[in-house]
Amino acid sequence: MSWLPSLITATPEEGYDLAIKLSRMAVKKAQPDDEARGRMRPDYANNADSLTVASGVVATNFQTVAAANNYWR
Amino acid sequence: MSWLPSLITATPEEGYDLAIKLSRMAVKKAQPDDEARGRMRPDYANNADSLTVASGVVATNFQTVAAANNYWR
Amino acid sequence: MSWLPSLITATPEEGYDLAIKLSRMAVKKAQPDDEARGRMRPDYANNADSLTVASGVVATNFQTVAAANNYWR
Amino acid sequence: MSWLPSLITATPEEGYDLAIKLSRMAVKKAQPDDEARGRMRPDYANNADSLTVASGVVATNFQTVAAANNYWR
Amino acid sequence: MSWLPSLITATPEEGYDLAIKLSRMAVKKAQPDDEARGRMRPDYANNADSLTVASGVVATNFQTVAAANNYWR
Amino acid sequence: MSWLPSLITATPEEGYDLAIKLSRMAVKKAQPDDEARGRMRPDYANNADSLTVASGVVATNFQTVAAANNYWR
């Protein structure tokens, strides 16, 4: 089964989680080695700027998911 | 209850506050440890570039919230 | 009174000023101490890269304000 | 007279020039001292990364101007 | 044959892969030497911030592809 | 003749090339000296992060060109 069968979600919160998934997938595709990603995690998760930039990627993906869902209006 | 029941807000100001909430949630999901986030705060809050980049994330999320609310026209 | 009663402005120039206000407000909400923000200002205002990144935040907010005003067409 | 009377331009090229003007105005408003901006210029104009980030700001503003002009279709 | 015959894809997942392709192509056009790109890869693929910024580029391209496909609704 | 007579292109690939042209033009306008730009090129073209950020600028401009062309649907 596809990891991304649809951009449609039942709720805004599920849409936000999908935006996080989309953001992580690009990292996973560029660095498929789970261990290599794990080694980077402590530095990343304890650096405010790293977390802020990552939040910006989620924000961009959330724009896409929210538009796809017509903003769950 | 969901932390994000809807993107609809009564006013632009509430929409802006929701954009801030969306920006912080991605950080919280990547670093769930409250103490770890607290440790980063002083450096972050006293660094102009960190604050500017964070403002850019809020701006991206505010685009989404404003569009969802048809710009409160 | 709200600091953001509306996204509608009479002119593009007022819309641009509102975009600057939106950009600064996120900084103010993350660092509410006026003195702390004042201490960062000289370094920030004399660093071309800091100013460029800040201009990018204004550009993102101006997209929102311009769309809200149907581009003042 | 306003520095930004309208987002409408006769041609795409004039629209691009307006996007550059919008990008520079945010810098000018944050650092109004002409001499201070002049001092930063040589470093900025000889740093590829600075120029790339600045090009990104122009790209964001050009999105706004192009949409305002219905892409000069 | 063109490397980009269309922005239309059968599924969201194929659209995401196209967004990755679009993101890589700009790098390839700026640095056409395969060996030079290969030399940069280990550092890049083991740096969390590099991967995050690259994920942001994919997110921007995915916005374009998703809009082109009317979000596969 | 204008360097940007139109945002309309016959194909997505030509649209992508136009996005690259738009991205480079902002650099050229900020640093018109061909030699100065040439001096920066080797460092830039061998730095993965520089190339990634530049790819992000192309992505933003490609959004504009793709929208102008109604995504070549």
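Here are a few things to note about the model shown:
The letters A, B, C, D, E and F name the chains in turn, as written, and every chain counts its residues from 1.
As a working rule, a contact is a pair of C-beta atoms (placed from the backbone, for glycine too) under 8 Å apart; a residue touches a chain by one contact, two chains touch by 3 or more.
Worth saying up front: this structure is predicted, and the values here are computed from it rather than measured.
Think of each touching pair as a link: the shortest run of links from subunit B to subunit D has 2 of them.
Distance from the centre of subunit E peaks at C, each centre being the average of the chain's Cα atoms. With centres set at the average Cα position, the gap from subunit B to subunit E is 27 Å. Rounded to whole angstrom, the centroid-to-centroid distance between subunit B and subunit C, based on C-alpha atoms, equals 15 Å. Here the CA centre of subunit B is 31 Å from the CA centre of subunit F. Each of the following residues of subunit A touches two or more other chains: 44, 49, 53-54, 56, 60, 63, 67. Taken chain by chain, the contacts form a single closed ring in which each chain touches exactly two others. Chain order round the ring, anchored at subunit E and oriented towards subunit F, is E, F, D, C, B, A. Chain contact summary for the complex, subunit C toward subunit B: residues 2-8, 22-27, 29-31, 36, 39-41, 43-44, 49-50, 53-54, 56-57, 60-61, 63-64, 67-68. Of all the residues in subunit D, the ones that touch subunit F in their complex are 11-13, 16, 20, 44-49, 51-56, 58-60, 62-63, 66-67, 71-73.
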